[in-house]
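Can you keep this structure in mind? I'll have questions shortly.
Which chain is which? They are A, B, C and D, in the order written, and residues in each are numbered from 1.
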């Protein structure tokens, strides 16, 4: 399937929700929450893209990294490329509803499977969001990572129980959703989790636990101390707090705090394989990709996702050749230009 | 009342005076004085907004600041949120005159009262500006802060006498209005006040005295030495001198000079509750909000002001949750990203 | 005469040569030489404006500088404001020719006289450019400063002889015109002047000599050593070399080299009285204003110039009040914000 | 031939491939590969132009550099100006094909000859690209530099054999083409060359060897160690890797590593003679010019190239006069403004 066609279809299907811009940078959709935009002035969304764009790569051609290895080992699994599909839900109110929540989740997870990677599934107030995800992961024998929002105990544990029951051996919680006052108003409070509470939650389940929404070195250490197997450095796509720094801006500090102890996944502004390589050079073990995958699945279901991810893999491969990077699991910081 | 509707009404009523832009940043109205714009190139107005936007917040979610306290104590009063409505007058020549000066002042003061905060009232050459303010404050039993321009002695003392007679126990002077050559040409000179003169004025009245228009650490100390109970760090919305720095840019230095001794109020570019939190982190005890409240009152009178301030309170609450800030009266500088 | 009307008339008369933009910043006319633009990408012209705009002023209101003195002493004369009209010629090919060279020069010089300052006159290949200037200065008994281009000896001395014969006791040479290859192609070579040559030229005349086109501290010292009474820090309005720094960017270094020994005049991007004050704070003794005066004289002859200069004086006065500056001859560097 | 006319003709002939913008900066054609644009977001192309524009020149006029010498000695030859035409091929798929590959190459090489400089010729999958170049150089008795892509051994040596057979005593390889995955997909792999391999290639031929595509000091040293007579600091016009730094940004470091040992040629963003002078001041011995020469030859064949290069020479001459630079072979770093 041709990616250009996927994008054209997505542009039609997401009309009023996403313009499918040449570069997805948060300008056209500023303030559109619900929708695909960033909160308020969208400065958090925009800075995800800007902070990545500010970093430049040293080009090197005198080496033998002719056939680079794009795979990485993470959570005991081998991933074809160091990429996860981010947990995103709410197709009807965020993307226009031209495809169903089930089609969305299936397309993402099946597409990821083709590339040898894992898709994450989302959560929300309407039960069908998490249920669609659980069903898809169950169908794939656990090949997916269910993310649950930081609800209060009863709802949280009910959902985590279901998440683990899918067969998934890695689960996650996006604590960055805690600022969604809308949920609280709907009588479904979410909240920050003190480290002791987090440790209690993590201990309760046999699965590897990912904490999403870490933006500072101190909280990276807290997540590690609470028993997390990995963190996602993320400002939730700029949808929960205006004026946070872009992820690429905080990543080096966060990674320095816990790198090698737990997995560090960077989520914010990644659009291309070149962006993936930059995030690895900045300290990530892998990245999450959000909006571009949403566009791909709305525009072409599984085939759209595959087309997009194959492009990412090709770009990553080329960028590795052009920087002399032999393995995605061992990216040298020195490929970043400092000047 | 819906804030979107308030803004739509304001856009109609302020036609030719204010475009009620998505972000009120000084670009569309550059040079429009009288009107709602900044003087000259409007660089002082613009930099108020830019200097705030440049500061970014560290997002933290592993804590128990679930129900943050937005109140602060200032001038012996408890304020529901750390916000004052700025002293603004001249509805007819600055805003189009679709509502009267009395309606304006009443809307602002009554709206503030709903949120448990205080509105300030303005001053000018036409007597009805200050008189409208005095009347409204008197009606509310002193619940408001009358601001007087830096006139020469006779007019100054006459007006301050009336200000105190309203029952207000806090009064202010916006010395930043001293550059208004127009007033001098109309035979109504305003002027800077040397510290000895300022001390004499302050001593004359039993009320707590606020000096508005302090932009440097040295003048913050002078204001304190003259007996001021508080200062407003302000460039008068960029309407009296082109090319001053934005308030958020000078605030840390000014606050460092007098913090804890007198109240430090930041006035410049605050649009949202997130901006309020940034100003507190930069050293302010509270903020003043100008143009957005003018738009709210012109668009919806008291109800417009309430709708706007409730939004500010909700944004401030969410921003406090998302940064782990438990109390508005004790904001940690560490919530600001340094990188 | 109303300045708005002057600008409207100028916009009509200069059609195709100058758009009389809200802020004269070099963008609309990039590359228009001849015309009113900067050479090439106009980056030198633009940076004159940008470098000034980047500097910000500390606002101070606790002082007694209520009636600031805008006058300065320079070259043994008292100037009402620290401003010279820059030497500009070629009305026909640069400005559209709707007024004559004589009208232009007379308007500038007579207008300056009203404000108690001096206008400079220009030079070029067609003899009427310098002749118009000489005639006007002669008519005013020497009240003007004739500038001669850096021709080769014969033409240079003939013109300087005439310049001195006007009665002017200050004359100048714009060595920055030396890059005008067009002149050389027309068989009228101009060239840089080594310091020995410059000293010889200066010694030959009894008048005080101003060297215009100094952009580095080392050449400021050379000009002083050659006997110059003053220098003009100038990139010739960005018309002779693309990609020079803006004048406000090099001024502090240049001024530090010779301040107090010879007069330092800053020429580049000054549009308002606030800009004048910034240049003084950056180390200038006075400024030159170019394009805005051209627009004023084309739009309103002498009256246009007077209207413009009165506005500059009013802005300068207000900016002095708002920064606590009592005398234009003693501007404190501390009025510039460093942050 | 008038350059304006050349550009107008080029705009018609390159319709859909190049807009012939006022400043060729990579914005209008972002992502157009094939075509004339930069890869992806075109940030590498854009930064070539931006990095040059950021550097500013010190203007100096008190000296005797009245008739500067623009020539340089390189590879045992005297060049009239320190400029090479970059190796560019593929007129049909990159430029619209309104002129033939032969007309293109002949125009470039003949035009360069008029100015006393050398044109380079390109390479690609269709044989006529390199063959056109070899034919033109042979016709000129070796007056040109053939560049070969980094093919695998058989194709590489076959082409280099032919290159040397043209009579050229300088040949080059653009290793920066190694990332062109398209070539690999067409069964014609190109690849990076480890230093030992590079040494083997260079040793095999009697010609002086230029390695194009060096962007770091370490690879500059490797190229020198491998026996290269010169390097071209180049990101291939931003067409092989998005997000590299602009050439002017890395040039000082690269030049410092090998200056004086081997020739350093800077290729990226040079549009004017002023840009040439900046590159020399930043450490280059000469520059390459790409797109502007393509536009010139498509718009006016040999005459177009001559008109463009004469303009570059005139601009370079003027910039040398205005900075006090007597010889292009000895440019003082001090002509760059540091501030």
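By definition in this document, a contact is a pair of C-beta atoms (placed from the backbone, for glycine too) under 8 Å apart; a residue touches a chain by one contact, two chains touch by 3 or more.
Since the structure is predicted, the reported quantities are computational estimates derived from the model, not experimental observations.
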_Equivalent interface positions on subunit A and subunit D, same or different at half_ = different
*Could you please state the distance in Å, as a whole number, between where the Cα atoms of subunit A are centred and where those of subunit C are centred?*
58
*Could you grab the centroid distance between subunit A and subunit B? Build each centroid from C-alpha atoms only and quote it in angstrom.*
41
_subunit D residues counted as touching two or more neighbouring chains_ = none
_Touching chain combinations (by label order)_ = A-B, A-D, B-C, C-D
*asked:* With touch defined as at the start, can you tell me which subunit A residues reach subunit B in the complex?
replied: 30-31, 40-41, 43, 47, 150, 175-176, 178-179, 181, 191-195, 198, 213-216, 218-219, 222-223, 226, 235, 240-245, 249-250, 253
*What does subunit D use to touch subunit C in their complex?*
22-23, 53, 55-66, 272, 274, 278, 314-315, 317-319, 321-324, 337, 339
